[in-house]
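What follows is a set of structures to go through.
In the two complexes that follow, chain A is the common piece, with chain B as its partner first and chain C second.
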Partner chain A sequence: MAAVMAVESGQSRLRPFSCELGLLSRPDGRATFLQGVTPSVLAGLYGPVEAKISKELPDRAALEVLLRPKVGLPGVLERSREQLLRQTCEAVVLGALHPRTAITLVLQVLSDASLLSCCLNAACMALLDAGLPLAALFCGVTCALQPDGSVLLDPTARQEQEARAILTFAIGSSERKVLMATTKGSCSVEEMQQCLAAAQGAADTIFQFYRDSVRRRYCKS
Partner chain B sequence: MKATPLSNCERRFLLRAIQEKKRLDGRQCYDYRNIRVSFGAERGCCIVELGRTRVLAQVSCELVSPKPNRPTEGVLFFNLELSPMAAPGLEPGRQSELLVSLNRLLERCLRDSKCIDTESLCVVAGEKVWQIRLDVHLLNHDGNITDAASIAGIVALCHFRRPDVSVQGEEVTVYTPEERDPVPLSIHHMPICVSFAFFHQGTYLLVDPTEREERVMDGFLVIAMNKHHEICTIQSSGVVMLVPDQILRCSKIAAVKVTEITEQIQKALENDQKARKEGGKFGFAESIPFQRITAFKMESAAVDTNDVEEQAKEIIAKADPPAEVFSKPVLLAAGTAQIGEGVENSWGDLEESEKEEAAEEEGESEAAAFECQKVETEDTMRETKNGKYCFSWYHILLYPFL
Partner chain C sequence: TVEPLEYYRRFLKENCRPDGRELGEFRTTTVNIGSITTADGSALVKLGNTTVICGVKAELAAPAADSANKGYIVPNVELPSLCAERFRSGPPGEEAQAASQFIADVIENSQMIVKEDLCIANGKLAWVLYCDIICLDYDGNLLDASVFALLAALKNVQLPLVTINEETGLSEVNLKQKNPLLIRKHPVATSFAVFDDTLLIVDPTAEEEDLATGTVTIVTDEEGRLCSVHKPGGSPLTGAKLQDCITRAITRHKEVKKLIDKVIKSITPK
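Now for the complex of A and B:
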């Protein structure tokens, strides 16, 4: 599957994304997001509900993100990703509308944990499914900088290993602003700007995907 | 998050319905909910849906040294997790009573029934054996976790392939899947749990209780059995005294259910095996019901990255030049440093304001306090910008956060 994705010059392909909303009965918002075959994440969201007194915030909803790996207990990697995801979600959730409540977002990795962007997309779809008031949508895009300096969008696990640097951006739907950026490996400022420009291009495709999936669900015909 | 309590009228309603031999989902007393098994792209990964209860299982393996008293036997490790996603009220990482009892039941069902041949997991006696680890995650809790977990566990174990190894003298070689085909675990039989719920002191009996029914039940009986009708585990709990006849009746029902479930599991495993062999499509992406309106799929999309270089150059050209580079820090005395000319010290101001802040907002959360501090430092920075540039170490330390 990975080898099929031949990179044409000046073009990068996103793998076929698929999603399913509303597949669990208990959570308020639930979504599964798959990028191609391997990275797939299931997200379940509860909230806004009554918060524990220790976690309650007087002016806004307390957002908690939990990332569960498939094997073993959550470690340092999961903790750091939880932080990134929480900060990204906090930037878009209008928490001030639900003060003193708690929102819990649980992400379960179904296969191949390596892609943070898949977690971001699943998180946003869960927020969308829960019907929480949001300031904007966001999507996650991963770019790989190949050794020859070219930018590759949505890399597979193998491409990620071969890459010189991996850059993950969370891009908001309003004005394509950057909500979160994280990198692994080294790159120059110019290369980072290139990746960002490519990611912003890819974001449009992903937002169109969100829109189409929601339209399919809520439109008659 | 708190679990929602069950109201008295709801409880009465449920019990009354059970008395009238009616169930909320329209099933008969001895009916099982639909079982759906889907496999992941990797080996040893499956999702089992029992009605709306959903469980994910993943098997992994590792070479470890064996237990000293069992030098020729592999190690089996089972771990059931009640993810907070499954239901409100389940907390991550807490060993609740429910979790411990479920874990123990799964262990008894899969390990103590000796369904997996542990001796075949031995590589070098007394030195290297395979450890097989089974992780089961509850994703959605709609009752009868036991049965769903036991089905998911045994399916994942049957689906799993461990890497092939060879021993030459002292040397142990582990082959990658490309070099040699991975080998399946040797599984003697497939024990499957069947749960029964008792109501009104054992007068009424239901198979495969849902979450609501579990909440109003008096007693609970689990029978683990394989298709040869051998009982692997029996566990009874709750405040109900069962007569021997009841247990016998339950084991007869369990025998029928286990035969049906085993057949279904084997069919699912065969189908997946066929798909893999023929090079067809497999994995979770294939198990999504795309005919439903809640599911959506996008074709692989091309993103034009031709003009990213120009865009990047444009942005860099437009961007402000990097801030003025200060001369080297000057060391006035040991332990101090100064950048630029320097004006008056701003340490005092900050402390005062901090005192006020502290008095005002005691008890507020850390995050909020940090934000206030941030605003505070920004103010002082602006002040100093009017004069000459002056940064104390305090500012420099805070700078990365701003």
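Now for the complex of A and C:
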């Protein structure tokens, strides 16, 4: 059953986003995350399944993240993003409960602008949908610092080009700590803290959205 | 050691590390500039046992059509099987690719070299700087050593004067007259490992990186601006802890800047 809903951007100035759980039939966890108007990232999660001997870890599950761009083959940028996504997921997945298994997360980018925050949200939704034991949830928030110094949450592709700096955070649901951070462009320390505070504020909206969409999926309509 | 994590915890409780360092102390940093005579600029950096060499090779090429007034900088990090047992020979692995992307981001974010400076004739000729960073001994903290080696090597680059002959339209290289490259910003990276979700230790060794639950790398320039805050997953941190990292990174920048200035002064002929 598919659950679709959208959150109107309130004071936190996030664009309306929506997600669809259970779009694909084969994966154990599946999610589509839409930020703005166009579909953005499609996620499928397989696992925990038997691992290849070479990849097997004796004390925990081996997590693998594959990021596919909209066109062409994955390059160096995709590789470095895969590493970011994998290490973020590893921090929340209780892998010790499934030793010597493999978990594969495949993310297919569907839009031109592949915001890292969108990938993070789709990844977390897929983990949720698969019902894997998690220590906490996380959400991705992108902040753009505009030339006049104001902070803009969740920029569009055009706003992103005009911005002086772009900061992407993954915020954990427990105490809103920073799980992942990456920046583009340079900014002062105060501006960074300002963006972080804005991202932490927006995180609550996203976690509420996660809760609502999972509730919709599991209640009969 | 039988129980490495327990062994480390005992030391960290006393605010020191098995190699005798305090938690906020870097390993001895040494830098040798101009070690490769065949390269246009080079530097060898040692952070304790970690050894990284960077060579910059300059070539001429036509600029891309959509950015006619820009040259190219192509950084590449190599982790050969020589440097540690966990790397295999063959195509670059995930860590090497992620490091290459990180170095490219640092160059772009800090604007240490403005690509317009590399242009010789608009739309016709520009410099391509191939920055090859090779790790010779991997003992943790690859990113700090790589960024330092790159900066030192770029400071060492001497580009020959190139003019375009107006009659023939061909380029003429004057190898006798060489000019240094204009470095506008000096980015310096500082890495931290997170131990048991709370403790931050500076400049982790390979063993500490393996035992740690996460890493953070902060890159700052001389004005104290952030060129990069890179935290690839791992243990969650509060904003205050990140602030501590940034404060330490700014003091580290001063140390590195002093060292690099001293070395450059010692090699320039009077």
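The working rule: the second predicted complex is superposed on the first by the 202 of 221 C-alpha atoms of A that agree within 3 Å, B and C clash if a C-alpha of one lies under 4 Å from a C-alpha of the other, contacts with A are read in each partner's own complex, and residues count from 1 in each chain.
Please note the rule applied: contacts are C-beta pairs under 8 Å (C-beta built on N, C-alpha and C of every residue); 3 or more make two chains touch, one makes a residue touch a chain.
The model shown is predicted, which means the values in this text are computed figures rather than measured ones.
Contact with neither chain B nor chain C is seen for A:148 once the two complexes are overlaid on the shared chain. Chain A has more of its residues touched by B than by the other of chain B and chain C.
In the superposed model, A:197 lies in contact with both chain B and chain C. Shared-chain residue A:189: touches chain B and chain C both. By the touch criterion defined above, A:83 lies against chain C but remains apart from chain B after alignment on the C-alpha atoms of chain A. Using the contact criterion defined above for the overlaid structures, shared-chain residue A:24 touches chain B, although it does not reach chain C. In the superposition on chain A, A:42 makes contact with chain B only, while chain C stays out of contact range. Looking at chain A, you'll find residues 189, 193, 196-197 touch chain B in one structure and chain C in the other.
Those residues of chain C that touch chain A in the shared complex are 94-95, 97-98, 100-102, 105, 108-111, 213-214, 216, 221, 224-239, 242-243, 246.
Considering their complex, residues 76-77, 79-80, 82-91, 136, 167, 170, 172, 174-175, 177-189, 192-193, 196-197, 200 of chain A touch chain C. Against chain A, the residues of chain B that register as touching in their complex are 1-2, 40-42, 45, 47, 52, 54, 56, 58, 60, 81, 83-88, 92-93, 133, 135, 137, 139-142, 283-285, 288-290, 292-309, 311-313, 315-316, 364-365, 368.
Per the touch definition, chain A reaches chain B in the complex via residues 5, 8, 10-27, 32, 34, 36-38, 40, 42, 44, 46, 49-50, 52, 57-58, 66, 68, 70-74, 102, 104, 106, 108, 110-111, 151, 153, 189-191, 193-198, 201-202, 205, 209, 212-213, 216-217.
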